[in-house]
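Each structure below is given as C-alpha cells.
What follows is a pair of complexes built around subunit A, which joins subunit B in one and subunit C in the other.
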Partner chain A sequence: MSQSYDRGLIEDFGRWREFTAGMWAWVFHKFTGWVLIGYLFTHIAVLSTSMQGAETFNSTIQGLESLALVRLLEVGLLAVAVFHILNGIRLLFVDLGVGLESQDKSFYASLVLTGVIVVASVPTFVSGAF
Partner chain B sequence: MSTQTPDTETEAEQPSSTSPQQRRMEKKQAQKDQREADEAAAANEIEGETVELKVFRYDPEIEGKEEPRFDSFTVPFEKGMTVLDALIYARDEYDSSLTFRHSCRQAVCGSDAFFVNGRQRLGCQTQIADLDGPVRVEPLPHQDVVKDLVVEMDHFYDQMESVDPFFDPDETPDDELEEQRQDRENREKVKLSTRCIWCGACMSSCNIAAGDNEYLGPAAINKAYRFYMDEREGENKRQERLEIIEAEHGVWRCQTQFSCTNVCPKDIPLTEHIQELKREAVKQNLKFW
Partner chain C sequence: MAQRYSSFSSGSTAWLLQRITAAFLVVVLAFHFFNLHFVTHAYEIEFAGAQARMQNVGYYVTMVLFLLTATFHGVNGVYNALVNQGIDGVQKRVVQVVLGVASLLLVVQGIRVANTLAGF
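The block that comes next holds the complex of A and B.
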C-alpha cells in the first residue's frame, strides 16, 4: 500500500458554506460560550474596583457607561448571552431526546428570538450614549 | 573525419529503428491516436442533455498523477441517471483508469459513498437531476485516499468491530436449534439501527471523529445501540456493552452537530440513538435505589 494523500483543510472550516443547521448551532454555541467566559473575567475586574470603596466603583462604572463603544459591546454581550441560553435550552431538549427531528427549526427559532430580543433591547442599552 | 563519425553511427542505427518491435510500437501509437480522436469526436457528438462531472483524481503510484487534480467528464444525461451511473459511463467510455468502489447499485452494499457537491452521499442513490451542475465528486473526507475515489476504510471497520457488532446472549437455549425470538416491540425499537450498510458516510461527516481518531463514531455507536437495546442478550453482556459505549472515546464525544443524521443514506436517526445511549449511561451510573 502506498502512502495516502491528506487533503488538508478542504475538509474543515473551508467548507463553512456547506455547514448545516446543527453544525452552525454547535459553532455559535462554542463561540458564545468562550465570549461569555472572557466576559466573566472583565466582569470580575470591574466589580473588584468596589474593594477600593464606593467612590472608585461608581466612577469606574460611570466612566465605562459613558463610552459609546461599551454600550455597543453590551448589546453584543446580550446577543451572545441570549443565544447561548436559548440554544442551551435547545440542547437540553436534544439531550432528553425530545423533538430531534426539528432540531434545525429550533436552532433557527433561537436565532430569530435572539435577534428580536436584542433589537428590542437596543433603546435601553444605547439611550444617552450618543 | 571526426565530424563524420556521428553520421555513420546514426546510419548504422537506422535499420534497427525499423525493427519489428519499433514498427509494432508505431502502429500502436497510431491506433492510440486514432482511438483518442474517435473518443474526442464521440464526446463532441453527444446529442441532447449532458452532465458535467468534475472528479477528484489521485494516484500515488503513477508518475504525473501524484498531485491531486480534478478531471472533467461530459456524460450524456438520461432520465433517472445516478451519480454512480455517470461515473460508470465516464470510466467505460473515457478513462478506464478512473477508480471507485461500487457493487450492488441499489444502496444496499454501502461501497459507493462519495463526497458529492459538498456532502456525503451514496453515488447510486443520488439522482443527477437533483444536483446542481457541474457535479463535483470527491472521495470521502477525513479518510485517507488510496486512489481517485477510493478511501482507506480500515479505521472505520476497526471502530465498527470494536463494539462487538454481533448477537452475544449470556445464555443460549439448551436445544441449539431453538429460536431465540425477539418480541415485536423490541424489534421495532432497534429496527432503524439495523439498516446500517457500513458505508462510512456518517463517520466522514463527523467533525468530532475527524479530530479524535479514537472516537467510535456514529456508525459504531449505532451498532452498539442495536445490540445494547436488544433485550435477549442478558445483564452481563449489557454491562460489557455499556462499558464500551461510555468509555472515554465513546458516546460522550458526540456534540450533537447532527451531521451524521443529515448524511445517513438509510435515514438512521443516529444522533437520537447516541443521545439515548448517553441517557442510558447516566441512568446506569446514577442508580440510588
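The block that comes next holds the complex of A and C.
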C-alpha cells in the first residue's frame, strides 16, 4: 500500500505554488477536458451546415480554414487533445496501480511529447494560411 | 511518495464507464486527428469527401460511437469536476438536468449530421 499524504484541497487553486507534479497533471487534465467538450459542441454546430447542402458546408469550412486565427486555434486544439490523450493513458496506468512511483516522470514525459508532436505538426496545420 | 488524484469515486459504474470510454477515445481521437489533418488536410475537406467517408459503414459506426463515448466522457467529466467543486442539492440537480439535456441534443444533432453525410 502506498502511503498517503494530506496535501489539502486541490480545488483551492490559490495554493497553486504548493502544487506537486501530480496536482498540475490533474489541473491540466481538467482544463484540457473542458476545452475538448466545449469544442465538441462547436464542432457539431459547424458540421451541421452539411444539412443545408454541399455548397453551404464547403463555403463554411473553406471560409473558416482561410482564417489564420482558426489555423492557430487548431494547433492549440491539437496541443490540448494530444496532452489529454497522453496524460489519459498515464491516468489509466495510474488507476491500474502501474507506475505509481514514477507518475511525476510520466507527467513530464506527457508534456514533452505533447510539445514535440505539436511543434512537428505546425507546418501541416498552418500550410497555406499565411 | 506517489499520491492518486481523481475526481471520481473509485468503484462506481460512472467511474468504470469513464475509464472504458477513455480507452476507446484515446485510439479514436488520435485516429480522427490523424485522418482529418494529416491524411486529408483540414483545409481540403469538402462535402463530397466527407460523404464518401461517412458512406463506409465501418466509419459511420466508429464516428457514431465516437460521438456517444466522447459526449459521455466529456459531460461526465464536467459533472464530476463540478461535484468536486462542491455543488450540492438543488445546484447539483440543475447541473444534472442541464448537462443531460445538452448531451441529448448533442448526440441527436451529431447523428443527424452523420446521417445527412451518409445519405440516410
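A few comments on the model shown:
Rule of thumb we're sticking to: the second predicted complex is superposed on the first by the 119 of 130 C-alpha atoms of A that agree within 3 Å, B and C clash if a C-alpha of one lies under 4 Å from a C-alpha of the other, contacts with A are read in each partner's own complex, and residues count from 1 in each chain.
Assume a contact is a pair of C-beta atoms (placed from the backbone, for glycine too) under 8 Å apart; a residue touches a chain by one contact, two chains touch by 3 or more.
None of the values given here were measured: they were computed from a predicted structure.
Set side by side, subunit B and subunit C differ in how many residues of subunit A they touch, and the one touching more is C. Applying the stated contact rule after C-alpha superposition, one finds that A:Phe125 touches subunit C and leaves subunit B untouched.
Once the two complexes are laid over each other on the shared chain, residue contacts for A:Ala21 go to subunit B alone; subunit C is not touched. Of the two partner chains placed by the overlay, only subunit C lies in contact with A:Phe41; subunit B stays clear of it. In the superposition on chain A, A:Ser59 contacts neither subunit B nor subunit C. Shared contact residues of subunit A, touching subunit B in one structure and subunit C in the other: 2-5, 7, 10-11, 20, 22-23, 25-26, 91, 94-95, 100-101, 103-104.
Within the complex formed with subunit A, the subunit C residues making contact are 1-7, 10, 19, 22-23, 25-26, 29-30, 33, 37-38, 41-43, 45-48, 50, 67, 70-71, 74-75, 77-78, 81, 84-86, 102, 106, 109-110, 112-113, 116-117. Residues of subunit A touching subunit B in their complex: 1-7, 10-12, 15, 17-18, 20-23, 25-26, 91, 94-97, 100-101, 103-104. Of all the residues in subunit A, the ones that touch subunit C in their complex are 2-5, 7, 10-11, 20, 22-23, 25-26, 30, 33-34, 36-37, 40-41, 44, 47-48, 50-51, 53-54, 57-58, 61-62, 65-66, 74, 78, 81, 85, 88-89, 91-92, 94-95, 100-101, 103-104, 121, 124-125, 127-129.
Those residues of subunit B lying in contact with subunit A across their complex are 58, 60-61, 68, 118-119, 141-142, 144-146, 152, 207, 210, 255-259, 261-262, 269, 271-272, 275-276, 278-279.
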